[in-house]
Every structure is written in C-alpha cells, then in structure tokens.
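Chains: A, B, C and D, in written order; residue numbering restarts at 1 for each.
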Amino acid sequence: MNFASDNWAGATEAVMAAVQRHNGGFAPGYGNDPLTKSIGQRFSEIFEREVEVFFVGTGTAANAISMAAAGRPGGLVFATTEAHIQNDEFGATEFYTGGMKIIPVGNAAGIMDPAALTATIARFGGRFGIPTVLSLTNATECGTVYTPAQVAELTAIGKANSLTMHMDGARFGNAVAALGASPAEITWKAGIDILSFGGTKNGCMMAEAIIVFDPGKFPNLPALRQRAGHTASKARFIAAQFEGYFEDGGWLKTAAHANAMSARLAKGLGNRLAWASQANEVFPILPKTTIAKLRAAGATFHEWPADGLAADEDCVRLVTSFATTEAEVDRFLSLLWDPEPRGSTGSP
Amino acid sequence: MNFASDNWAGATEAVMAAVQRHNGGFAPGYGNDPLTKSIGQRFSEIFEREVEVFFVGTGTAANAISMAAAGRPGGLVFATTEAHIQNDEFGATEFYTGGMKIIPVGNAAGIMDPAALTATIARFGGRFGIPTVLSLTNATECGTVYTPAQVAELTAIGKANSLTMHMDGARFGNAVAALGASPAEITWKAGIDILSFGGTKNGCMMAEAIIVFDPGKFPNLPALRQRAGHTASKARFIAAQFEGYFEDGGWLKTAAHANAMSARLAKGLGNRLAWASQANEVFPILPKTTIAKLRAAGATFHEWPADGLAADEDCVRLVTSFATTEAEVDRFLSLLWDPEPRGSTGSP
Amino acid sequence: MNFASDNWAGATEAVMAAVQRHNGGFAPGYGNDPLTKSIGQRFSEIFEREVEVFFVGTGTAANAISMAAAGRPGGLVFATTEAHIQNDEFGATEFYTGGMKIIPVGNAAGIMDPAALTATIARFGGRFGIPTVLSLTNATECGTVYTPAQVAELTAIGKANSLTMHMDGARFGNAVAALGASPAEITWKAGIDILSFGGTKNGCMMAEAIIVFDPGKFPNLPALRQRAGHTASKARFIAAQFEGYFEDGGWLKTAAHANAMSARLAKGLGNRLAWASQANEVFPILPKTTIAKLRAAGATFHEWPADGLAADEDCVRLVTSFATTEAEVDRFLSLLWDPEPRGSTGSP
Amino acid sequence: MNFASDNWAGATEAVMAAVQRHNGGFAPGYGNDPLTKSIGQRFSEIFEREVEVFFVGTGTAANAISMAAAGRPGGLVFATTEAHIQNDEFGATEFYTGGMKIIPVGNAAGIMDPAALTATIARFGGRFGIPTVLSLTNATECGTVYTPAQVAELTAIGKANSLTMHMDGARFGNAVAALGASPAEITWKAGIDILSFGGTKNGCMMAEAIIVFDPGKFPNLPALRQRAGHTASKARFIAAQFEGYFEDGGWLKTAAHANAMSARLAKGLGNRLAWASQANEVFPILPKTTIAKLRAAGATFHEWPADGLAADEDCVRLVTSFATTEAEVDRFLSLLWDPEPRGSTGSP
C-alpha cells in the first residue's frame, strides 16, 4: 500500500527495454548522439510543432534552469502558494537565477486565481522587483488539473504584463491523460513558452526535459545547463528512457492508470477530501486514529498542510503511479471502513 | 575505432543487470532507500573507513558541489592548467561557489609541481583571495597518474596552508588499476578530504559520487546538492549502477582493460607522445596527413592542445574504455603504419 | 512639506564638519586608517562590549552581507511580511546568499507575532529549507518599535531553533530614542547577533555599519564585503561621518527630533492611522481628495499598502527626519483641516 | 612621502565644496534628484554624446556590475594578467556574473598584446566557455596608457568575436591627461561600450560611475545595481562630488599633477624601472637595502610582483596623486642618492 510518492515506483518495462536496447556500441557524448536527436523529433511530433529539447536528470533542474533561462536580475516569478518551486526545491530557483523572488499567488486547490494574479502583479511589480515569469504547475500540487482555457486565461494576464510563461509539468502526463486535451493545447496553444516535461514520476528512471516552444528564444539555455553540471555525458540513456516512455503512447496509458487508481481511492474515500482529485493524487482528511491504523497496517503516505482541520484529524497525500494496483487501493480502502475492532469510535 | 571519449561507450553488462534487478517494487525517494544505504556501506569497505556518500549524475556536478562544500567567499582553488574544473565545465566551480577563482598551477604532464604549488599559493594568497582548496585530478587529464607519495607531497603543502584537499576522480578506477595502490592509499591516506568518484566513464550510465572521508566535515553538502537539483528522486537507480559496477571487483577490471588498450596504443605509436600514457588516454603527436587519413577511415578522436608542435602536425587525444577492443586498436595502428596507398608521401 | 523619506534630507552639520575635518593628509585605504579604528572603538563603547564593525555604503548592502554572513545553502530567513529585505531590495538577500528564501511571518503593525514565528518555523522548516536567520527591523517598517522584551521573546524562539538573530537597524537611532532603552538592551542583551546599523537616514550622507556582537563569529564577513565591492577605499570618509554622527550624542538628538515631528503629525492627524506612530513614520488613512489637495500644495509622500481601506481613501506614509521643521508639519496639518474651499465635501 | 596608493589621499577642495554646497534642503532619493540628472548631462558633454550614467561607490562595484551587465552564463572575460578585476577584487566579477571566467591575456607593461588576444580567444573559446567581454584598463595597472589606436586595434578583434568592450577607468583621468586625447577618443570612438569611470583615486571621496555609451544597451543595469545594494539613497552626494570634480576641468588638472609627480619620480629614479611610467604610477626596481632605508625614513609604498629581479632587489609601486607634492618627491629621491651614512655599502 504505497502512496508516499510516484517517485517510489521503478521504471516501466518499456523504459527499461529501451535503455537495454540502446546500450550497445558507441555514441557521441553530451547529446550529440543520433538517438537524442531522434527523440527531439519525437517531442516535436507530440507537440505538433518544432520544439527545442534539453534533457536533464531531475525536475528541480528542469524548473530552475527554465527560470534562469527566462529570468533577469531583480525579476519576480509568480506561482501559487502550493508551487513545488517554492515549497520543495531548497531555493533552486533563487540560486539559479541569482536571486529572483517567487511571489505567491492565491489559488483554489492549486489552480491559480486570475484575479489574484492580476492583483499580485499590480501590488508587487516595481517595488519588489520586475515581474518576469508566470509559473503554473499542471497537474497541480493539489492533484487538480488546469484546462486549456484556464491556462490561457492566466497566460493572457501574463502576456499583458510581459511575463514569460512556464509550466511545471512534473506530472504532465497525468494532466494530459486527465484532460483528454492534446499536449499542444495545454501548453503553447494556451500561451506557454517553456515546459518542464517530467518523465521520472510516470515511469522513467531519471528523465526530464526542458521544452522550448519557440526554438532559440532562450539562447542561454545550453550554457545554463552545462554550468550547472546538468548536461549528461551519456545522454543517450536519457533519450532511450523517453523512447521507451513514448512507445505506443505508453506514457498516457501509465498516466491514465495512475489517475484511475486515484479516482478509485477518491471514490472509496467519499466526500472528505481537501480538494477534488483530478489526476494521480488524493488528499483525504482523516481522523488521526485512522491514520495511525493505516500506518500500522503498512500503508505509506505523507501528511500534508491543509486548512480547516479539526484537532483530531489530519490531511494526508496519497499518490498513485503506473505501479499502483487495484488490490492495493482496495486493501487501503478496506482498512478505512472495516469496523474492527467493534465498538471503536475512531475511524469514519 | 572509437577513441573520442570514454563517455561514448555504453554501460557494462553488470551495471545494466543491476539496474534491471532493482527495478521492481517501491523504494523511498531521494536516497532514503535501502539500496542506497547499502551501497554507501560498500564505499566504506572500498575505502577502508566509514565515508559519507552523495550520489550525483555528472562529474561536473560532483566537482562543483565539492568545491562549494569546501569553499568560502573570496576563496581560491589551486589546480593545474589542465584541470577539467578549469577547462571543461563552463564556470561550474565559479557558479556554485559564488565566485571562487581557480588559480592555475604549473605541472608536468598533468602532475602538479610541488614547488609551483608553493610559489603559486605564496604569490596569489591574500591579494587575489583566500587560499582554500587544492584540487588534483587522478588519473590526470593528460593520461598520467599520481602515486600516493606524489599526492601526499602536495597535500602536505596544502595542509600547511589550511587548504581542503579535493580529488577529481572522474577516472579514479583507471588510476587505482594503473597504480596497484588501494583506493584508500591514494585518497585519505594521502591527505585527500573529498573525492569526486566517477562511475560513468568506466562503465556506468550516469553515476558519480561525492565521497567525504571525514563524515560530517561538510555539513552544507546535502543542501548544496538539493538546491542545485542534483538529488535524484529515484536514487536507487544510481545506487544500482554502483552495485553492478563494484560486483566482483568489476570496476577495476574494466579500468584495467581500458588502461591495457591505451598501453597497446602507446606501444604501437612509439615515442612521439605528448606525455607518457599511464592510464586510459594516449596523446600522440601525428602528421596532419595521418590524422586526416585516420579520420577518413572512420576513427574518432579529438585534437588536443600541446606544446612543441611542428606546423604539419597536431596532437590528438585517444581515449580507451572497457568497450575498446584489441581489434579496434590494432586496426587503428595498422592504418598508421600501412604504407597504402603505395607511393603516398603522407603518413609515416 | 517633505515627508517622502528620511533619505530626502541631507547630512547634519556635525557630520559635514567631521568629513571636512578629516579630509586633510594621507590615510591608509580599505579601513586600515586610524580613524576607522577609533570609530570602531566608539561603537564598542556605545554597545557596552567589544564589537566588530564593518562599514558599508547602503542599508541594502548591510542587510544582504549580514544575511550572507549568517546564511547557508538552502537556508530560510524569517522576517515579517513588511520587511525591507523582502519588499524593497530587489532580491539582494537571495542574490548574496546564493538563494536563501525569505519566509514571511505574521505581524501586527510590523511587530512580529511570536506565535506566528513558532508556527512558521514549524511549517516551513525542513521541507522548504533549513531555518537559519531571524531578521527583525527596529524601528519597524510600520513606524513602530520593538521593546527589548519583545525582541527577547522572539530571539528566544530563534535560539531554540538554532537561528542567527539579525536586526535591520536602518532606523536604529529612532528606535533607541523612542524606547529610552540603551543600544545594548535592544540588541545583544536581547539576543541579537548581528545588526545593520543605519546612519544615512538619520543625518549621514552614506554611512552604514554591520555590527557583530561576538567578534569573529562570522569569519567570512570581510571577504563577503570585498567580493561585493562594498569595501570603500577611502573608508575614512565613512568613519568621519560616524564621528560626526555620534558627537555629543547627536545621533539620538536628531532621532528624537524626527520622532517628535512624527508625533506632532500623528497628534494632528487624529485617530485614523493604519498603525500607531512610535518612531519617525506616520501612516494616516486619508480621503483621496485630501491626498490630491496635499500634493497640489506641494507635500511629498508615498502611498502605502494597508488593509481595510474604503474605496475613496488611501493610506500614505509620512516620514520625518532631523531636517523636518515644526512649521512644515503645521502647514501640512493646516491643509488637512482648513475647510477651504467652503462647501467642499472632500477633506475631513 | 606617501606613495602607497592614490586612495590614501583625501578629496580635493572643489569636491568638498560641492558636497557642502548641495547639502541643504530635500532631494529625491535613489538618483531621482535634479543634481544627479544634471551631472548625467555633464557626462554626456564630456563624452560628446548622450550617455547613460550609473553612480556607484567603489571601483570594484563599477567593474563587477559592468561585467554582469555585459555577461552571460558560461561567458569568458578577456583581460591582462595584471588586470585589477583578476588580481584585486576577490572574485567580484565571478560572483556578480554567476561564474564567468576571467581569461588572462599576454601583455607588455599592462598593454594587452593584440596577437595574444586573438590567440587566447581562439584557444579558449567554445570549450572553456563563450567569449563575451574584453576588459582593458586605462591607465593600466602598470602605470602605462593605451592610445586610442591601441584601444581600437584590440576592440576590432573583440568586435570580430562578438565581444562587449569594457574599459576599467579607475584612473581614467590620468589616462586622458597623459594622452592629450579626448575622453571620447579613447572610449566609444575607439570601440568601448561600457566604462568604469573612476573619481575616487583622483580627488573624490567615494564616487565612481558606470558609463554606457549606447543608452539602453544594458537593460539589466539598474536592477543589477539595486540587487547588489549599490544604489545610494542620497545619490546627490555622489553627484555633488562629480560636480566638484569636473568644475573648471579640475579633474584633468589633478590628474596632470599626479602624472607630473610620477614623471618627476621616474626621472629621478633613472632607468631601472620595471615599466615606463606614463601616468601616475612608477615601478622602480630597487636594492632591498634601499627599500628598507626608504621605509625607515617614513616612505610608504607596496612591493609589486615583477620579473627579472636579482636576489637582493625588489620591485616597488609608487603612486602619486593630486595631493603629492614636489617636496615629497624630492625628499624621496634625495634619500635614494644621498650617500649618508658615509661608508655605507647599501643604497645605490
């Protein structure tokens, strides 16, 4: 019953097989190999336009290098209070950009509020620094997803303020699978300039890519990556992971499975969720006694900050992945509802 | 005939098998998995003392994070004019350390000259900045190796100047295999504090480790790695590479093979070498016509800066790896000496 | 009627005279002159213990270098939402520290709330980064002052969390004058480790000092200052300003005058203040028509963000200095209350 | 007999008078005052074109912010081995630029060798980083001056390599006075894009300016300055210094005087100079006994690295300023040649 994170899973068979398949022989280093180039083409097909692709090994690297590429001294990044770049990266954006500030913007369940964005830009622009980047996470850190229309509404505000639009797509596959929209529709067609495209959480070992929708728009990007030690010498092994990832549309199948497992959890959990579950995360609010019982039974997950909690309850985050099974979900749910020991007043 | 770089090779079978072997099931992220811990123990055994181990994905990351861990504002790093940190990392050391300078020190064939180190510290210390780190590369960028005694002589000077001693071991396996000394003897027993331990060039896909010989000596290291986006979420896949790498002492066998292939090249090439070949690199000086002929026949390699070249010759770098075959070496050598086409006045 | 900022004033006569007085002759550069040393002693007397003193030219430099001296990679700084380091320095703290984050803490009228500090450290420590610095501004950005007891209550929480305690004293003189406490009592005796001691706003031309209460505690400080270009070559001219500043306790007299002018304004303005005025700033909430009328009459000031404003009113910040006159204050107040033109429904 | 540095002198009377003159009344902060604007105009007149002017307090700040304005990630700066940015600023350029490297270029007496520049760009461009900035110091750190033709020859090479051309003019007045060329001729007319214009060494207290010859070319400059804490709040006091500095062409008179004092020293010292003296510095090579004798008599100066010294001699740097007197020079020279005490075998 592993719901701690989608990065606790391993890699899919297709990813592993591709890595094996491309192991033989010699290949030029630092991304000059034919496989890296061909996967670059594959990204262009997926996004329905020619894109630039820069592989890196972690999501934090993808985000921070993107921020530096789009940044400037004294610049401000607007992101939700829930954003991974703000909460979970130990100041990577600030470090890579030479000190840009991340300004939190109000949101509902991780979806940025357009009015709050407008107000926040107005309030902080100029004095705090120069409004520079809008960063949206899709799927969000709250397990919700932005529709193309929601993205477009926010990027329109960004454009009116001369911002560069970034999307943190650590769970991009989950967003695409959940929306039924095309990758193009929720990115560049909705105003996104640069995307952190995540592979790791959805079935790769260590494979992330920075996607630039207008090739050449960020001329410092190769140097930013190299200066940070994020240019892999044997880049073919990242390329191979993506080959396996995209094979037969597998990346959307694994994402859809993960989403379905969260939906199954959400359905079983009922109404007491901090936020609606739309992708591969569920945030139930549970009695502390129940949490203890689940842990005792071997379930893994993290507590999560949430508002409106009673003293005897906590919010927890449950994350599902391609490797989550129905049996695992059902066992978890059964623990919630099993009235044993009889007479208990604890769990719901 | 691939001699461009040891990073043009893939991964060894043992590494690949280990990655496959550890793919199943769930494992905590960010290095909290049991495999990562057990490989940490393995490093302690190899170095004959308890060490701290921090995995990263590239050699530049290992070096730059080590420099930042050992660094301070206004600090100076002493390294040879040939050092990778100076010549090939696009300013990573400067970036990660907030601006420390790398001061070049005279050397012979990549081996730092102790007198030059003493003189350079004396000349630049104080005015330029604060002497802080000594960085030695073993095996060197010139294909030579430091003996334990040579390392110890330099670190004694470093200690007398309160420096922290770093070793860039991107080709550490090649050095150990060439010397017949133990890993301990050429590192901490010879005064080294922190080591960039390379796995990638010698048979891994993407696996490097920062080794701290006095655990806890560099308390900022975990944060430096995380802030830079170099903490892999699925760290087990780096750990697994090292498991395969160390299996049955395989890492020293692959290194020994690579060294033997260079020795075979060096023997065939004769005396016209820029520097003696002691590990897995050979730097012959060749007529430009020969270079062209080798390229035309499909050999890959890079030109390399060297002194004392005639107008019609160049120095080239030949790098061998675990994947280099005797046949490949012999074919390369045969091209050098084969007088075909008859009547040619070009190659020797 | 100049209330825009205390940095719109010039320098006091005593400061100017001292600068003139020390102009003749030669003096060693970079702070090695006798005057700089003697002013260092003067600071030790003022703070009733031996302190280290580092001159810089701006308050932002004093703050950012202090943060870097006390900082570490991945560190967090706790400061109020009103803090100058967060709102007005274009990311200087983030830049100088290599990316430390400033975490806003709830406050009332600029005075940090101890419970909020405890809760904020608990919520953000660990995941966001490593709790590292507590920064309090005294006098605050809201024109209020911390008592020694209030400082001590907050630094006790900081100490329990292993934080370094910084005070932004851009208006330190105003705080001391307002409190009637000694400089020692509101700094190191209340738990402060490092202080940005401001001279500029209270009658110097360009003179700030970083005060370290435990000499040697921040060994990187000299290098941090030099690397940033903040080590003045003709440091005697900063020292001279401080000599004039401290002469006959003048710095507390100018501060007391500035405070008195704000009190006179506050009294005249009545109850409609965003926050009580305790030092040399007043934040009245005024009808927009009144604001326009004051501007038309030549008054200078800035609008300021405040909560709870009606649609037809704004908050403005009025700052007084040693150069503010009673006549100026009274003329400003007279404009508020003068019912001309008769029949106006605008101003109160 | 003070020859330690031109920053050991105070300020000229004209500078002091201007500071006094502009002390009264209120003036907007951060450079928005009328005096700052009018001095900006004055710079435009001096350079015979509209220029942008950014005041800072130190030469290191002027250089480092210029480098950051002209820089890019992974960039390289080409400067002589003698350059102040390399030797005397504790890594400020590296810090401000996020890690750009300074690549030393061969020179004769501080004057960069064009052939060496071409060769150095060719050798280090691409692999080390991206050639980005050419930085020339005028007057040089060796007391020599570049003619407009020499500057133009070097900037032509720079332009051919897409470099931005910077001049470190910490002793710009001395160069102009020595050359008899106009400020325009040795800067933008000779290909310079950005200039660190020094006032401090030549009679100001603390006044440097970054001059941009093509206004708007470096859009990040204001933010770079603010983020670094180098935007003075009471900027009028820097502006006032420059008003006094430029009054009646005084800056060129003080520079000419300083140059004349060095010429007088050089003439008296005879032929044994490390380099010809062309501005306000002289670098004699003297017997160590003479050096000791001079020191004993109260002369101040620094030893300086130089080649070709005998075991019993050292090179020293003598710097003259507006405050140096003929009497001081003559006394110094008399000590050199006075055979007292008779019978001494020491001084020449």
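In this text, contacts are C-beta pairs under 8 Å (C-beta built on N, C-alpha and C of every residue); 3 or more make two chains touch, one makes a residue touch a chain.
Computed from a predicted model, the values in this text were never measured in an experiment.
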Interface with more contacting C-beta pairs, comparing B-D to B-C: B-D
Longest centre-to-centre distance from chain D, chain (CA-based): A
Separation of mean Cα positions, chain D and chain C [Å, integer]: 35
Inter-centroid spacing, chain D versus chain B (mean Cα positions, whole Å): 41
Distance from the mean Cα position of chain C to that of chain B, given in whole angstrom: 51
Shared-contact residues (touching 2 or more other chains) in chain C: 73-75, 90-92, 95, 98-99, 129, 223, 226-227
Complex interface listing, chain C residues touching chain D: 2, 4-5, 7-11, 16, 19-20, 22-30, 56-65, 89-92, 95, 200-201, 205-206, 223, 226-234, 236-238, 300, 323
Complex interface listing, chain D residues touching chain A: 68, 72-75, 98-99, 129-130, 220, 223-224, 226-227
Touching residues (chain side chain B, partner chain D) in the complex: 73-75, 86-88, 90-96, 98-102, 123, 127-129, 305
